[in-house]
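Heads up, the next two complexes both have chain A, just with different partners, chain B and then chain C.
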Partner chain A sequence: MKRDYQTHVFTSTYTADVSGVCSALYELGGMSVLHDPSGCNSTYSTHDEPRWFDTDSLMYVSGLDEITAVMGDDAVLIRDVVAAARDLNPRFITLCGASIPHIIAFDFRGVAYLIERECGIPVLPVPTDGLKSYVSGVGLALTAWLERFADPAEFAAAPDNAVNLVGVTPLDFSINDNVRMLRAAFADAGFAVNCCMAMGDSFETMTHAFRARVNVVVSSAGRRAARWMKKQCGIPMVEGLPIGAAQTDALLGAVRATLSDGKDRAAWGEFGNTGRYTVPEGGILVIGEEVFAKSLANAINLLPAERRSGLTACPLWPDVDEGMPEEELIAAMRTARTVIADPLYRVVLRPRDGVQFIPFPHEAYSGRIFRAELPAFAGPDFSVEQLLSGR
Partner chain B sequence: MYRFAVYGKGGIGKSTTCSALSCAFAEMGLKVMQVGCDPKSDSTLYLHGGERIPTMLDVLREKRERATLDDLICTGYRGIVCAEAGGPTPGLGCAGRGIAAAFEALDERDVFEVVKPDLVLYDVLGDVVCGGFAMPIREGYADRVFIVTSGENMSIYAAANIAMAVENFRNRGYASLGGLILNRRNVPDEREKVQTLADDLHTEILADLPRDDHISDAQDTLRGVMEVYPDCAYAQGIRALARRMLEMGEGQ
Partner chain C sequence: MKEFQRIGEMEYEYNADIGLSYASPVRGVWNIVHIGTLVPQAHQIYVCPTSCLRGVVLTTAEMGAMDRLSTITVGEDNILDGDMEEALQRGTERIIEALPERPRAMLIYTSCIHHFLAVNYQRVYRVLRETYPDIDFIDCYMDPIMRRTAPAVPSLWRQIHRLLTPTQPRRDQANLVGNCFRYGENCDLTALLTGAGVRVLDLNTCKTYDEFLTMAASPVNFTFHRTAVSAAKDMQVRLGQAWISMRPGYAYDEIDADLRTAAAFFGIEPPSPEEIAHQRAETERAVERTRALLGDTPVSVDYTAVDRPLELALYLLEHGFAVESVFVDVFTEDRAVFEALQTRAPGLKIYQSLGWNIRRMERGHPGKLVAIGQKSAYFNNTDFFVNIVENDGMYGYRGIRRLMALLAEASEAEKPMRELVQIKGWGCGCP
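Then we have the complex of A and B:
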C-alpha cells in the first residue's frame, strides 16, 4: 500500500520541532528566538509549554514578514535580537525557525555568527524547519547546547554510578510528578543522577553533562544528543523508561549491565510486529513516543499472562519526519483488542470494532487538553495492571 | 579536503569546465566528488557516457528517509563520485530549496566521512538567485568560489552578481572568491573586458580557456573532452587551471 502521510481525517499531529527546541532549553537561562511570522509561537505558548505561566523564560518570535522573507533581509532579525540581548543579557541565545525560513534557506549558522560577534553572547543555530516533530527539535537543541557548553574530557573523571537522563521535556513527561519520580527511580537504586536533560537542572549542572558513565535515553528526543556524546567520548547509552516495577527492574538491570561492559542496550524484548504498522491481531496496541510506547508495551508483556488476559502488547510510534500514515494506523487500531493511546485517538474506533480504548494523555499530542488526567507513570509504583483494567 | 564551488551564467560552460576539472584532479591521483546544483541535472552527464544519473531530489521524493547514500551518488569516469541535486517540475516548486534539501540529505548521510573525497567540486547554476543556490558558498561546503565568465556583457553582469554574494557572506566566515575563469566566446576585446571585471573585484583571471571544437566533438561521442582529446589546447588549459586551484586551496 502506498502510504499517504499528508491526509489526516481522524488524527492530529504531534508538536513541531520548534516547540521541542524551546521546551528543551526553557530552564537553562537562555533566550530562544523563533524565526517565524508568529503562528508557531502562539502554538508553543498556549499548547506546548505548561511552564509558560509559572516559570519565566526568554522566548521570542521574530515576527518575520513577507517582504523581509522575500528580500532575504537578515539585518532585521540581527538588529532585533542584538537589541533584546543587550537589554536582557541572557546566558546564551538559541536561533531556531519554522517553515518560512526553511523554505527560503535562511542561513542559521551565518546569522548566529553575526549576532554573536555583535553582542558577545554565545548563539546556537538550531536549523529546525517546523515540519518535523518535537523529537527532532529537542534532539537538535540538546546536541547544539552540549556541543557548545559541555566538555567531553570530563568523562574520564565521571563517578562510577553516575547516569544522565536524556530527553526529558514536558512534552513527554508533563509537569506532574513524573520527572521527580524518574530521578527517584535511579537514586533509590543507588545511581547518582548527574544530569536530567533538561528539566530541573541548571546551566552549570548541564555543563558537566559528561560526568556520567551511561546516558539513559528516556525518550527518543534524547537519542541524538546521546549519540553525539557517544561519538565524543564513547559514553554508552541505554534506551528505556521505568514504568511499573518489572520494567523498572529491566531498565535498571540494563543500565547495570552497560556500566559493566560499556555496550549499548534497550530495556525491552522483541515485540510481535512483523512490520512497522503490522500488529498482531487481538493484541494490546500502545501508541505514543517511541521509547515510551516500547517501554510500556514491554512492561505489559512482563506481567504474568493471566494478568494481561493472555494478550501481548506491541508499540506503534510516529515517524519524526512524517508522523503516521493514517490508513495503516486505523487498520492497526481496529485489529487490536485493546488500544492504549492519547484520548484524541479514540475517535478512530467505532463501537462495532469492539476495541477497548484506554486513554493515556500525551502532552506532545493533545497539549493542555487532558493535562490534568496525565498519569504519573515513571517509576516502580505505577501499576500497569491497573492501567489495563481501565480503572 | 579541497572544497571548490564554480558559479557562472547559465550556458557559459560551467558543467563542461567542472567535468574537465574533475578529470584533471583525478589524473593527479585525487579522489574527486562533483556535485551538480542545477535543476537541469546535466553537470556530470559526460562522466557517465552521456547517461543521466538519478537526481537526489527524485530519489528523495521516491524513497524519502529510506534513501541511502548509495542511492544518491554514482561513480563515473576515473572513479569520480557524482551527484546531481536535480530540481522540481519546471514551473513548480522551489529549485533553491531543492538544492538545500539535497545538501541536507548528503549531510545526514555523512557523505564526506563515508566517501572521503580529497576534493569536492560544486557546479552551481547561474546567478545566486536565492538562499538555496548560495548553499555551496555557505556553511563550510566550499572554501573557494570560482566564477566562469566570457567577455559577453550578460556573463560579466552575472559574474559581478555572484561576486557580490560571496562578498556578502565573507563576514559570516564563509568562502572567499578564488578568481575568474575566462571561457572564451571569441567576442571582441574579450580578455580586456574580463580583466576589467577582475580588477573591479580585486581578483585575477586564473585561466584563459580557448573556444575549442574538440569539446563538442567529444560530446558527440557522449564522452568528455579530457577523455577523448586529452592533449588538446583546452585540456591543457584545464590542467594548468587545476594546478592553480590546488595552490589556492592549500591550507584550507
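Then we have the complex of A and C:
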C-alpha cells in the first residue's frame, strides 16, 4: 500500500505555492495573476496576506472556466491580463497557476511572452501547480524575478560586508517586528544588509541583489533563489535564523566564516542535509518551516543541558510536496516530551500522552488566526529559555 | 475604466464576472464550509489540491470546528498514477476509523480536478455505503471551474437535502430551504405559518441529524434565495414536495400575493385586508422614522446584505432616502426594477466589487455615509453600516421594519468596520 500522506483527519495544511508567489513579490510594484477558476485569490488575501487591507498591491485571479479550459483558449487570459495591465500599468506582471492549468499543460512561458509582446510590460512565468507548499512558490517567484531584473555582474563590486536575507515573507515572519529585528541582528554585527528578499525593499533595491557577498537563507523558501544566484556568480549561502543570543552568534559566526572562505554553511553545523531527522523519544520536538525548525532546535540545544531539562531538541518540517504526513506527525508528537508548534497542531495530543505543548504560531500554517500571538523571535534578544518554560 | 457606472447609462445585461477578478477583504458571505457545517452530526471531507484545501481548512479552524472537517490532499502522484478513487476511499475509511465519534453523515467534496480526470467517485461512494451502512454519504462539490453552469453554493444546498429520503408526509409542517439564518420573528411567512399551527423546519435550526431528516415529511418547501432553487426543484422531483418561492423584495403587493399562496397551500386564512393595512401602516411609520433620522445622509447598498439590492435602492428612493450607490456584480432582478431606477435616479452609481480597477479605488466618502452591507461599508470606508449578510432572516413587512431599525441604529452608532468585515461567514458562530 502507498504511504498515505494525503489524509488529514485532524490537522491543517500549509499554504500552497500560489500564495508563496504572491507573497514574495507583493511589495515590488507588480501585478500577480493567478490562473485559476476562483477561490485561491480570496484564500490568499484572507489567510495568507496580512498586508492586503492596508495596501493596494495588485493580485487577481483569472477566473478560468470549464469551456476555456477544455478548449485551451489562452486568448481569454491574454486579453484579460492585457486589459487590466493597460489600466493599472504595473512594473511587471507575474503569471502563476493552480492545478487546472497544470493538468491541461498550460504554457506559462508562451503565454507570458504573448502578453508581454502585447502590452510591453515584463511578464514573469512562474509555473506553479497548486499542489506544492509555499516554499516552492516563493522560491520559484524570487528566482524568476532575479533572473529577469537583477544583474549577476554586480557581484564583482559587492561590498565586503554585504549580505542578503533570502526568503523573507509574512508567511514565515508575519508583520510583527521580526523583519526589522532580523535586519538589525545583522546590522548590529557590522554587516550591511543589501536586500531583504522581499519585505521592506523596493523594486530598485532588489535589482541590485547581486551586490552581496553572502546570501543568508532565513527560510527554506529562499533556498532556490540562493542556489540560482550561486550558479550565476558563485555567491555562497548560509542557512539559518538568528533566534536568541547563542543561535545568533552561531549564525553570524557562520556568515563570517563564509565571507572568509566562500564555503556554504548552515548555522546548525552540517550544510546540505535536508533529509529527515530521526525524532528521538522523550525529546523536544520543534515543528515548523525547515530553517526555522532547525534554527530553533539548535538554539535550544545550545543552552546548557540543565536549562533544557537535559532534553535534546530536534526539528520536524513539512515536505514541499507531501506536507506533514499525519500518521508520522502523530507518532512523533505523542512520543516527545515537549512539542513546540503552531497551536493548530495541539489537537493531535491527548491528555494521556502527557506531552507539554508550547504554542508557536506560524502564519503559513494557521493563517491569521493567531497572528496577534506570533512572537517576535528574530535576533539575540529572544529568550529561548523563557519559551521553554512556557511563559 | 471607472470603478462605477451611472445606472442611466447601463444595459440590463450587466455582469462583472469578466476579466481578472479582485477579492476584497470583505469576507462576511458564507461559503460552502459554513453551509456544510449546518448539518448536525455530520462530518465534511474535502478532497482537493493543497491550494484549494487551504481556504476550507482555515475557514473551519476560524469557526473552531476542526473536529467537523477532514481533508484528503490530491498530490502529483495521484494525477500520474490515476489512483484518485483509491485515495478517496482509503482516506475516507481512515477518517471514519480515526474519528472519536461516528458521524451520522459524511459530506464528501471533490473538486475541479476530479472533473478533468474523470474520476469515478460515485463508485467509491457505493462501496462506502455498503461498508458503512450506518453513515449517509453524499457527494458534494467544490468546483469553481463550473461556476458559470453549476455554481457551488446552489449545488451544495441541493446535495445536502439529498440526504432526505421519501417518507410519509405530514400536513402540519413546512420547510424553509436554503437559508444560512433563521427566519423567525422578522419573517412574515413564519408568523403566518406558526400562527396557524404549522411547524416550521429549517436546516439552520435543526439540533440533531434526526430532526433534520424529519424535513422529508414536509409537504412543501419555501425558498427565499435564488441559491435554493436547485434544491427545491430537486426535492419536488425526488420527494414529491411542493415548492413555493417567496420573493425577498420590498414590493408590498408581491409580499401579500406570496403570503396568500402560502396560506392557500395549507388551507389557512391569509392575512386579512385589515391586517395587511395594519402591517403596511406600521411599516410606513417605521420607514418614515428612519428616513427622518437619516435626513439627507447618503446611503449605499450592496448585494451581500440583501438579495435584491436594486429593489431596495428603489424602495428607499421612493421613500425619500438619499441612495447614492449600489455595489452589485450582476443584475438578477426584474428588468422593471432596473428600468424604474433608470428613470427615477439615472445618476445612481453602480459599482462592481470584483473588477480589477476597484483595487485602486480611493476608498472613502466625503462626509457621513450609511451603508447597508459589508462591501458598501468597506469601499465607502464607513463605520456607519448595517452589518448583515444574505437578508439575515428578514422577509416581508416585519423584515422591512427590522431593516429600518438596523439602518437607524447604523446611522447613530459606529461599528469597527475593519474588524467586522474581515470575519469569515458572518454570524456562523465565528469569534
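In this section, the second predicted complex is superposed on the first by the 380 of 391 C-alpha atoms of A that agree within 3 Å, B and C clash if a C-alpha of one lies under 4 Å from a C-alpha of the other, contacts with A are read in each partner's own complex, and residues count from 1 in each chain.
In the analysis below, a contact is a pair of C-beta atoms (placed from the backbone, for glycine too) under 8 Å apart; a residue touches a chain by one contact, two chains touch by 3 or more.
What you see is a predicted model, and the numbers here were worked out from it, not measured in a lab.
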item: Which of chain B and chain C A:Gly72 touches, first, second, both or neither; value: first
item: Partner chain in contact with A:Leu114 - chain B first, chain C second, else both or neither; value: first
item: Partner chain(s) touched by A:Phe106 [first = chain B, second = chain C, both, neither]; value: first
item: Chain B versus chain C as contact partner of A:Glu322, first or second or both or neither; value: both
item: Which of chain B and chain C A:Val61 touches, first, second, both or neither; value: second
item: Partner touching more residues of chain A, whether chain B or chain C; value: C
item: Footprint overlap on chain A, comparing chain B with chain C; value: 103-104, 321-322
item: Parts of chain A lying in touch with chain C, wherever the complex brings them together; value: 1-2, 4-10, 12-19, 33, 36-48, 52-53, 56, 58, 60-67, 69, 80-81, 83-84, 87-88, 98-100, 103-104, 129-133, 321-323, 344, 347, 366-367, 369
item: Chain A - residues contacting chain B, complex; value: 72, 102-107, 109-111, 113-114, 319, 321-322
item: Complex contact set, residues of chain C against chain A; value: 1, 17-25, 27, 48-55, 57-58, 61-62, 66-67, 70-79, 83, 87, 90-91, 94-95, 98-99, 112-113, 115-117, 142-149, 356-357, 359-360, 418, 422, 424
item: Touching residues on chain B, where the partner in the complex is chain A; value: 64-65, 94, 96-97, 99-100, 130-132, 134-135, 138-139, 169, 171-174
